[in-house]
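There are two complexes below, and they share chain A, which is joined by chain B in the first and by chain C in the second.
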Partner chain A sequence: MRQGKYPFVIGFLAVPVTLYSVFVVSPYLQAFWLSMTEWRGIGAPRWIGFANFERLFSDEVFWKAVRHHGVLLLALPLITIAIALFFAFMLNVGGGSRGGQRVGVRGSGFYRVVFFFPQVLAVAIIAVLFQMVYRPDESGLINGVLMKLGLDPIFFLINPNLALWSIIAVLVWQAVGFYVVLFSAGMASIPAEIYEAAELDGASRITMFFRVTIPLLWDTLQVAWVYLGIAAFDAFAIVAVLSVDSGGPDGATTVLAMEIYRNAFVYSKYGYASAMGVALFFLTITFAALTLRVSKRESVEY
Partner chain B sequence: MGPQMTTTTTDRPAAGRGSAAGPASTSGRARFRRIRSEVRVLTGLGHVALAVWAVLVIVPILWTFLASFKNTTEIFSSPWTMPAELRWENWGRAWNEARVGRYFVNSVIVVGLGVAGTMLFGAMAAYVLARYTFIGNRFIYFLFVSGLAFPVFLALVPLFKVVENLGLLNTHTGVVLVYIAYSLPFTVFFLAAFFKTLPTSVAEAGMIDGCSHTRLFFQVMLPMARPGLISVAIFNVIGQWSQYQLPLVLLAGDEDKWVLTQGIADISVSAGYEADWAGLFAALSMAILPMIVVYAIFQRQIQSGLTAGALK
Partner chain C sequence: MSATPDTSPAYPSTGTAAPSAAPGTTRRTVLRRAAAAGLLVTPAAGLLGACATGGDGGNTEQATGEKTAQNPLGVKEDAELEVVIFNGGYGDKYATDVHEKLYQQAFPKAKITHQSTQAVSTVLQPRFASGNPPEFVNNSGEKFLDFGALVNDGQLQDLTEMWDAPSVDDPNKKVRDTVIPGVVEQGMFNTPDGQRKPYVLYYVSTVYGIWYSGKLFKENGWTAPTTWEQFTALCEQIKSKGITPFGYAGANAAYYMWNVILSQAAKVGGPEILRNIDNLEPDAWKADAVIQAARAWAEIGKNFSDKSFEGLKHTDVQLRQNQYKLAFYPSGDWLENEQKKDTPPGFEYQIMPMPSLTAADKMPHGAIRAAAGEGYFVSAKSKNPRGGMEYMRQMLSKAGARGFTETVGAATVVPAGSEGYQFPPGVASSQAALKAAGQNVFNMMFDNWYKELDTEARTATNELMFGRASAEQWAERIQKRADAIKNDSSIAKFTR
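Let's look at the complex of A and B:
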């Protein structure tokens, strides 16, 4: 395998590495530099050191966005994983044992197919869909029913106390099916003998869930947490399309990605937007590192 | 797993289940009774929860399809009833006047070229990185994989300027190249791991037969890597089809070039009080319907393709 190895290697790497360097690596590097400049997009960026970050840390909107990421970071993984774990358990072992084989409840296949479907839809499309579902008058799916029943409509996206939770609900709606499938795959690889042994020892189904399923699924749960956490740091498409005034009402649902977009492409504050990008980067990295550290524990071999 | 819709009920006495439930001794009877009632409560509760969730997923979509055939009066006065007639003109309006047809074609072009390019270049890079030792191999590999850790929004401003400086702003070429570049980290990461698992003996036999490196790749290794390629391709199709922020930034100036997500979101955002709600519902249905068809056909591959990354 010696002859002509280098020309071949270089030939194969040339295009992908060039594309990647031009469109991915160089923008990322430039972003760190741009965050130290003031730049309106025309002429040369002016070096201003850490001034953008000083402004950022006293920017009320920035902290609002960070707080929303905090809420998303706790609520999205907790709710999604809890629901998905319960469903996955029902679909895989909830039906008891049959012929020595643990099976899911009736209709498991159907549920799995239906639950996963929202994952295939684009978030922007889902956001438009839920704009209709949440509409504040009788044309909305939910309020149409409420008002028919003579109840007051709920202002899902207009009430600032409710808006962020309405958005989280949509994110959970989309994500659950994916994690049901993911956890199902993990549960399928847990040997049936372990459940059998636990059952013979008189373990109840609830005990089995907490003492057998969760510990043996720990690695998958950790992956799920990281994925959902990263999703919590994005949330651009859903906020941009679903919320009132893209991040409103009055900043009640805004996220960093939204503010980066707004500062860059509406206000043309490219330097300031880049500083927000750098802040977002450090938040994401800190989260990922913390999760992997905190959740690290001896994985169970089986 | 197929639909396990057999009629066996789970709360039947254990002894009646035949040989599988061996240790049903008299002392165990009380325990079995306890487990049985517990099972009944839990599965009962679980069944309700599963059914409710299925309704939550299906109803908004079904409701959208129904509304796409209604007129505005019906949408407001009777959101829960069937449309009086199938008003296909709503769909026609959305396709032509709201230009969903145009957006749809654009999406197909961009995603088609984007995924083809991603697969070709991703597979080439992954193959070389996985199976050849050379100076800088580790460095290039980590350069690609580290892209998985960076939020796209960090790069958004400079990326916009890079594309603008190359004269590719508001062009499909620009979007396709950017899609390829941003899909490479996962594609290379996944396929490199896959190429590593392929046996070396076949490659060696090919080399002895005088096969060139390039031919070996295209005629021997690529066909062997098919399962992996299909998984990543599905992952990339769904990912690129769903893209919203990149086209929003890179195609903002030319409405004729917009992709479907962007176009539909724009119709919805700019819809005022005089909006054509039926048309919007029809547009939304048009975006959802093909995904239902594709999902119905490739359901299993899509599920394994999308979860493949997480299971690595």
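Let's look at the complex of A and C:
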């Protein structure tokens, strides 16, 4: 090793490590400490040990939010990946083979751009957009049409049984574009000979999809699942802007980030909010570890 | 006064920029770079020490000047003054164009810094935490700073001296004698050591009731109902004309509706019903009068409202009323000013008190909720609290109050300021209603004191009014939350 290696390495790392510790690590540590205190945002925090966590475990709203994360965790990745896979398959492979090259359906270049549109929009704008789409009266995009047809309006965000699913639909709509691109890139790296061979063997598109595409895309799928799982633990912006009564009706769409926000910035219960944040931290970590472990499966080499 | 929970998350960005080191660097340049990087680290380490909770050091050095007849509060004439105004229903023009000018006239050497915001707590919470608060704050809106937390931490200036100072217009009259009775008391809070002190100035006279269009009613030959039978009969008529009789916005303004129910309850059972609720008395929400009121209004919600309103914001529903698609809408008298842009000519906002529910109501039909609204305080730990109090004294002068009224079209708590002023029809009608009510005026404070209770009442009220809960279930769940707050030692309690 050349002399002066350490100053060199330090020179490289100092800035990123500092930024990371100031803006990521130190807030985390503070949150852990704050979760053990009672703090109303002003004045000195008072140490109360695990009292916040005890309260958390008997807090109905907290459990409601956790349940919603459970639903999101199942629905968001499943639906998004299913739709994105289908689209990616159709855009890249679904058109059959032309001159020995697998191609997408007609107009796939156009669709590719369209699917990516939502990804370009800011989350807050998407939420405001869907306020218009879901609006419960005649000026709503969907209900306006329904009411013109003489049908009853659908209360997307007001009906407690429908509200969470309406939110999930927005999350899926927003996410699909990115995963179409991700899966397209994955599919592009699958050698054409494999498809050719499958085609010669008389495999249908469906068989090809399940027997060729999915196994060869497994690594990408796994990544997508973790990303979407983490997204399922967030969902704050959409819920805060779109839902009725900030996470309502009656908490039907609330998520942990929403409750953290409410406790910290509406109720000024920063200690309790931090305890929720710590709970969320462990939930997310557990999820990521579990997913990586469960989905560990031999990847196919080609 | 508008409630718009528009929240966008702020994610900490972790963008990294690594200093580049050319491959052929000599030892000296590398060392130099490392040293430079080290310099960057040092201030960051200082930042690490500065936690979110801040230090407990504050400004100990506060500006004072000599007390004179012109300067009874002893303001240091060249001390800076920072004014933070909530930019909501009343805007902030009244501060920049009227009050700040008055202060500047009195103290030409003072430098005034003006800031307006729609999220008071977001902007100011870190300032209080770090011991550098602005002198004067209009603490209002959806995101106002928790008064209880501020009081408990000694952040609010005791306003006794300001209230006892001679008023700007008449040196023989104390400031406290220039405002309508009850204003000083409304701004009093219990301190942790068991005293009660005036900390907050509630400045705007606010009357709450149910609003309708004078024009719509005149054209149809309808009159404001005084009894419940008349009210339901009229609702029936309105409905048959294809107009929604009654509605409020469930998406963000459900408190307009619990206000209706509780006002109704106060009329049925007397104002102590509300006092019990404010004081977190056991079973206060389950009192007969409260349940009766809730049941009656739930019926109105079921028969005479529109289910889609639960998903609409207050501005949407208010617009419907301006379009003559909605007859009755509950609100305070900021409504007229808020809707100024959308109100068609001749609409003529009119207020009515809640119709009497029973013949045995404890309060007469004219009884109405009136309160001083819009809280203003002076920060005790700011650099120039005396300047803040002087600013308040100027606000409470005749010129200050008149200027406010002329700018926003609302009455202040200083009667001399609105004398002979021609109010727009809505505020004129609410002022007339207030006058007619005489002593039969009531108020409630719990939403200012306990935001959690406000949130619970909002949620429960949507459940009640849109048919998912009964009056009993409604009362039950809010009472449960009230009890929980009562037993929560971390929450500062207030009584009246």
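Just so we're on the same page, the second predicted complex is superposed on the first by the 282 of 302 C-alpha atoms of A that agree within 3 Å, B and C clash if a C-alpha of one lies under 4 Å from a C-alpha of the other, contacts with A are read in each partner's own complex, and residues count from 1 in each chain.
Keep in mind that, in the parts below, a residue touches a chain if its C-beta (ideal position, glycine included) is under 8 Å from a C-beta of that chain, and two chains touch if they have at least 3 such contacts.
Small disclaimer: the values here were computed from a predicted structure and weren't measured.
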Which of the two partners, first being chain B and second being chain C, lies in contact with A:Asp137: first, second, both, or neither?
both
Kindly classify A:Leu164 by the partners it touches after superposition: chain B alone (first), chain C alone (second), both, or neither?
neither
So in the superposed three-chain picture, is A:Arg106 touching just chain B, just chain C, both, or none of them (first/second/both/neither)?
first
Have a look at where A:Leu221 lands relative to chain B and chain C in the superposition and call it first, second, both or neither.
neither
For A:Leu256, is the partner it touches chain B (first), chain C (second), both, or none of the two (neither)?
first
Mind working out whether A:Phe281 is in touch with chain B, chain C, both or neither, as first, second, both or neither?
first
Give one of first, second, both or neither to describe whether A:Leu129 is in contact with chain B, with chain C, with both, or with none.
first
Based on the superposed arrangement, let me know which partner A:Leu56 touches: chain B (first), chain C (second), both, or neither?
neither
Is A:Phe23 touching the first partner chain B, the second partner chain C, both, or neither of them?
both
Chain A residues in contact: does chain B have more, or chain C?
B
I'd like to check the shared interface: which positions of chain A are touched by both chain B and chain C across the two complexes?
4, 8, 11-13, 15-16, 19-20, 22-24, 26-27, 30, 34, 41, 123-124, 137, 236-237, 240-241, 257, 261, 265
Quick one: in the complex, what on chain B touches chain A?
1-6, 8, 10, 17, 20-21, 23, 31, 34-35, 38-39, 42-43, 46-47, 49-50, 53-54, 56-61, 63-64, 67, 75-77, 79-80, 121-122, 124-125, 127-129, 132, 134, 140, 143-144, 147, 149-151, 153-163, 166, 177-178, 180-182, 184-185, 188, 204, 207, 212-214, 217, 238, 241-245, 248-249, 252, 260-262, 264-265, 267-269, 277, 280-281, 284, 287-288, 291-292, 294-295, 299, 302-303, 306-307, 310-311
List the residues on chain A that touch chain C in their complex, please.
3-4, 7-8, 10-16, 18-24, 26-27, 30, 34, 38-45, 123-124, 134-137, 143, 153, 155-158, 160, 236-237, 240-241, 244-246, 248-251, 257, 261-262, 265-269
Can you name the residues of chain A that touch chain B in the complex?
1, 4-6, 8-9, 11-13, 15-17, 19-20, 22-28, 30-31, 34, 41, 83, 86-87, 90-91, 94-100, 103-125, 127-133, 137-141, 144-145, 148, 173, 176-178, 181-182, 185, 199-200, 202, 204-206, 220, 223-224, 227, 230, 233-234, 236-237, 240-241, 256-257, 260-261, 264-265, 270, 273-274, 277-278, 280-281, 284-285, 288
Chain C to chain A touching residues, read off their complex:
5-9, 12-19, 21, 25, 27, 30-31, 33-34, 37-38, 40-41, 44, 47-48, 51-53, 56, 121-122, 125, 128-129, 143, 145-146, 148-150, 152-153, 155, 250-252, 254, 306-308, 310-312, 451-452, 455, 458-459, 462-463, 466, 468, 490
